[in-house]
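Both complexes shown next keep chain A, but they swap its partner, so chain B is in the first and chain C is in the second.
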Partner chain A sequence: MNDQALKELLYKLADDLLILGHRNSEWTGMGPLLEEDIAFSSMAQDKIGQSHALFQLLHQLGEQQPDLVAFTRNANQFHNAVLVELPNGEYDFSLVRHFLFDMADSLRWQMLTNSSYEPLAQLAKKIQGELRYHTLHANTWIKQLGNATEESITRLQGSLSKLMPYALGMFEESPMEAALINDGIFKGEQALQAIWKSKVEEVLSATQLAVPDWKILVPVYGGRRGQHSEHLQPMLDEMSEVFRIDPTTEW
Partner chain B sequence: MKSLDPRVNRLPVPGTPGKITPKIPLDQFGSYEVFVQPKEGKPFQHEGIVHAPNLEMAFVLAKEAFTRRFTCVSLYVTDTRDVFVSPLTDADKNAYDMISDEGVKGNDSYEIYHLAKRGKQHVHAGVVTAGSPEEAMWKARQTLNTKQVFNIWAVKTSNIRKTGEGETILWDTLPEKKFRDAADYKGGDKLKEFLERNKS
Partner chain C sequence: MYGGGNTFEGIKTDSVAQEDPQKLAAFEARIARGEKIEPTDWMPQLYRKQLIRMIEQHAHSEIIGALPEGTWITRAPGFKRKMSLMAKVQDEVGHGQLLYSAAETLGKSREEMIDDLISGKSKYSNIFNYPTFTWADCCFISWLVDAGAIVNQLANAKGSYGPYCRALDRICAEESFHLKYGHHCVIYLAAGSPKQRAMFQEALNRWWPPMMHFFGPSDKISVHTEVLMKWKVKMGTNDDMRNQFLDMYVPKILELGFTIPDPKLKKNPDTGRWDYTEPDWDEFKRVINGDGPCNKERLEVRRIAEERGKWVREALKTSKTAYVTPLA
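Now for the complex of A and B:
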């Protein structure tokens, strides 16, 4: 088994979840409805938990402690897609990002239930229930607001066009993609992207939202290689502010 | 009406004599009743309400609002307007004694809930076949009337959004989320440790 390729995969999974978990947690206390505030915060917490489990797997493979990895790296050492680091705007933006990301995330983890790397397959099986809720939540909201009022439809459509190039950036291939596929660790970004597109289309076609014209979209790549937007570093500074005061303390 | 006081500007404008209009519908979400099954084999119990635009959204929002802390195995929701309520009783009066044989006869399935103690929650008691909530309560009087209850609810089974077959996994990792319980943080212990450390 190719350890480098495996670690890279685990890092990108973990970083996506950590960064989006943190971004979504910024809504806590400010959600549009009490119940939605609670649900969105819980799912953000799930994502941080899943990233923690992945950092533990990395630790078992010789990487540093989860807290150190999460809180002491700089932006250019992060492997998350640019999609998840973009700052929150209005709620429609976060909801559409949640829909696009969590659809890909749940399909990815479904594939990983068959991974040849047993600890990853175990984790994938364990969190299926959380993922099931995340996609149920996202898809139900998109269907609800995608059929509601002119304002809600226009807002979702606007966020979809803004976010779609970044969403396609999630599927940037690793230079070691072939090793992952040959070793049976992960079926690969191309296979994932194909299913993701059809599932996104399936949900959108149940709404008044337009399905994107995939051919004219240009994916925003770079995140997987540490090339991020200017938004990531300030977010990391804020996220690790308390930890950095005293890295040895239990808060 | 021009005023700098926002309360004055929110007052309804005086109407035209003779003009009668329907009431304006609520500009807010309706309420949905949430029932939770704490353990396999235990009955569902009423936990509270959520506000939502429809039944499916109510299920989605109820899941985190009511089942993010204590372990449970299943959840369902129904529109408040679909819950039929018997007269409420007190002291040693049984609510079933106030149910008579009336209502449309039929073959729909109805869920019956009992309030066994005032101030507690309604708990699922069983299922009956009936054509109306009235008949459902009358049927329940024959079959589920085993001890005194203070109130009875009847809900048509088809009006309930239940946890689907593939959805029972939603609560798989809940037992591990003890950190959601404030007591799990053990703030007192942490403070004691901190004070001990600073003494020396």
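Now for the complex of A and C:
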């Protein structure tokens, strides 16, 4: 098994979840209705919990303790897609991101239930229940707001256009992709992207939103290689503000 | 989280004299027997009005209370604290939801209540008008403000209005976890580096006066509440609640080696009650009436959230939806 390729995969998964979990948690107290406030908080907790589990797997592979890894790295050491670090914007922006990300995330973890790396396969099985709720939540809201008022449809369509290039950036391949596929750890980004596109189309076709013209979209890559937007470092500075007062102590 | 919001506004009892004496007597007899009053039962106008006001203020306190702690979710140090604090603040918002539903059973919609919050017509717990400067302030709230809230809520859970009592039972169960979480955070600060200890001592110095205010004005100056006590709307006097809190938590604070910033604080062996420096009630009134350090900011955040979310709520309304009062 190619350890380097495996670690890179785990970092990518863990960082996506940590960063989006953090962004989701920023909706606490700010949701458009109390029920949504609570829902985003639940998903944030699931995501941060899942990322913690992945950092523990990395720790077992010789990386530092989860807290140190999560709370002391700089932006250029993060492997998340740029999609998840973008500021929350308005609710339509957060909702569309949630829909696009969680669709991919749940399909990714379904694939990983068959991973040859047993600890990852076990984790994948364990979190299926959580993931089902995330996609159920996203799809329900997209269908509701994508068929409701002129404003809601226009807003969602606008956010879809803005976010789609970033969403395609989730599927940036690793230079070690072939090793992962050959070792049976992960079936690869291309395979994932193909199913994701059809599932996204399926949900959108039940709404008054236009299905994107995939051919003309240009993916925003770079996140997997540590090339991030200007938004990530300030977010990390905030996240580690207390932890950095003394990273050696317990809080 | 909740702080005696019902105790600082005067009540007019004139309307009680106009109630049907037979119905009133039957109502009072039911309460005296320990029965719960349910939404469709007969109740005096004052009872309904006072309960709406109290439950609504409690609900507002939950969602406004989510703000000073909520700002620390993104800064919580380490996975464990981050996940716990998220869950804790989420609970508070959930309590708000539960309480708005309980108040709605009395005939005021959630929308009206939130409008009254934003316009300043309806109050919320005073303590959330103070700023959380450091992580230790956030820990103070999680431990001691929640502890104070539990003292109030356990008492109110024995009150007479069914939906409110049932909501409080569920809320208290969750609050007891908050208390454990908050205490755990403070233990780590107490047992940590000198810097961590100093952080909490400073937070304690800042938060002690608002914590003493939390239970409402002294019985010597507070408005008369006999009828509300008889109807089991209010279950204890402000000073009773304050004493109960001091009984339970002063020893725990001292045990951790911190100093409470009140040289007069001690238990009086003769009365069995606590002596303390009288809190500054003028400051309390100033802050309640809008002139605290964070009143404007708190309401502004709430107002912006409501405004930004309006299109979502509009989009949920369809020709088929109708307003239904919740059963609680």
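Note that in this section the second predicted complex is superposed on the first by the 248 of 251 C-alpha atoms of A that agree within 3 Å, B and C clash if a C-alpha of one lies under 4 Å from a C-alpha of the other, contacts with A are read in each partner's own complex, and residues count from 1 in each chain.
Everything that follows uses one rule, which is that a residue touches a chain if its C-beta (ideal position, glycine included) is under 8 Å from a C-beta of that chain, and two chains touch if they have at least 3 such contacts.
Source: prediction; values computed, not measured.
Engineer: Quick check on the superposition: with chain A as the shared anchor, is it clash or fit for chain B versus chain C?
Structural biologist: On the superposed model, which is not a single observed complex, chain B and chain C clash.
Engineer: For A:126, is the partner it touches chain B (first), chain C (second), both, or none of the two (neither)?
Structural biologist: It touches chain B, and chain C stays clear.
Engineer: Is A:202 contacted by the first partner chain B, the second partner chain C, both or neither?
Structural biologist: Neither partner.
Engineer: Taking the superposition as given, does A:35 touch the first partner, chain B, the second, chain C, both, or neither?
Structural biologist: After superposing on A, A:35 lies in contact with both chain B and chain C.
Engineer: After the superposition on A, what does A:151 contact: first (chain B), second (chain C), both or neither?
Structural biologist: The second partner, chain C, only.
Engineer: Once chain A of both complexes is superposed, is A:3 in touch with chain B (first), chain C (second), both, or neither?
Structural biologist: After superposing on A, A:3 lies clear of both chain B and chain C.
Engineer: Compare chain B and chain C by how many residues of chain A each one touches, and report the one with more.
Structural biologist: After superposing on chain A, more of chain A is contacted by C.
Engineer: If we overlay the two complexes on their shared chain A, which of chain B and chain C does A:137 touch? Say first, second, both or neither.
Structural biologist: first
Engineer: With the two complexes overlaid, spot the stretch of chain C among 163-171, 181-189, 271-279 or 307-315 whose C-alpha atoms clash with chain B.
Structural biologist: That would be 181-189, the only stretch with clashing C-alpha atoms.
Engineer: Which chain A residues are contacted by chain C in one complex and by chain B in the other?
Structural biologist: Overlap of chain B and chain C footprints on chain A: residues 33-36, 38, 42, 45, 49, 144, 148, 250.
Engineer: Which chain A residues qualify as touching chain B in the complex?
Structural biologist: Checking each residue of chain A against chain B gives 33-36, 38-39, 42-43, 45-46, 49, 126-130, 132-133, 136-137, 140-141, 144, 148, 250.
Engineer: Please output the residues of chain A touching chain C within their complex, sorted ascending.
Structural biologist: 22, 25-26, 28-38, 41-42, 44-45, 48-49, 52, 55, 66-67, 70-71, 90-91, 144-145, 148-149, 151-152, 155, 235, 238-239, 241-243, 245-246, 249-251
Engineer: Spell out the residues on chain C that touch chain A in their complex, using ranges where they run on.
Structural biologist: Going through chain C, the ones touching chain A are 63, 66-67, 70, 72-79, 81-83, 86-87, 89-90, 93-94, 96-97, 100, 135, 185, 188-189, 192-193, 195-196, 301, 305, 308-316, 318.
Engineer: How about chain B: which of its residues touch chain A in the complex?
Structural biologist: By the definition above, chain B touches chain A via 29, 50-54, 56-57, 60-65, 68, 166-167, 169-173, 177, 180, 190.
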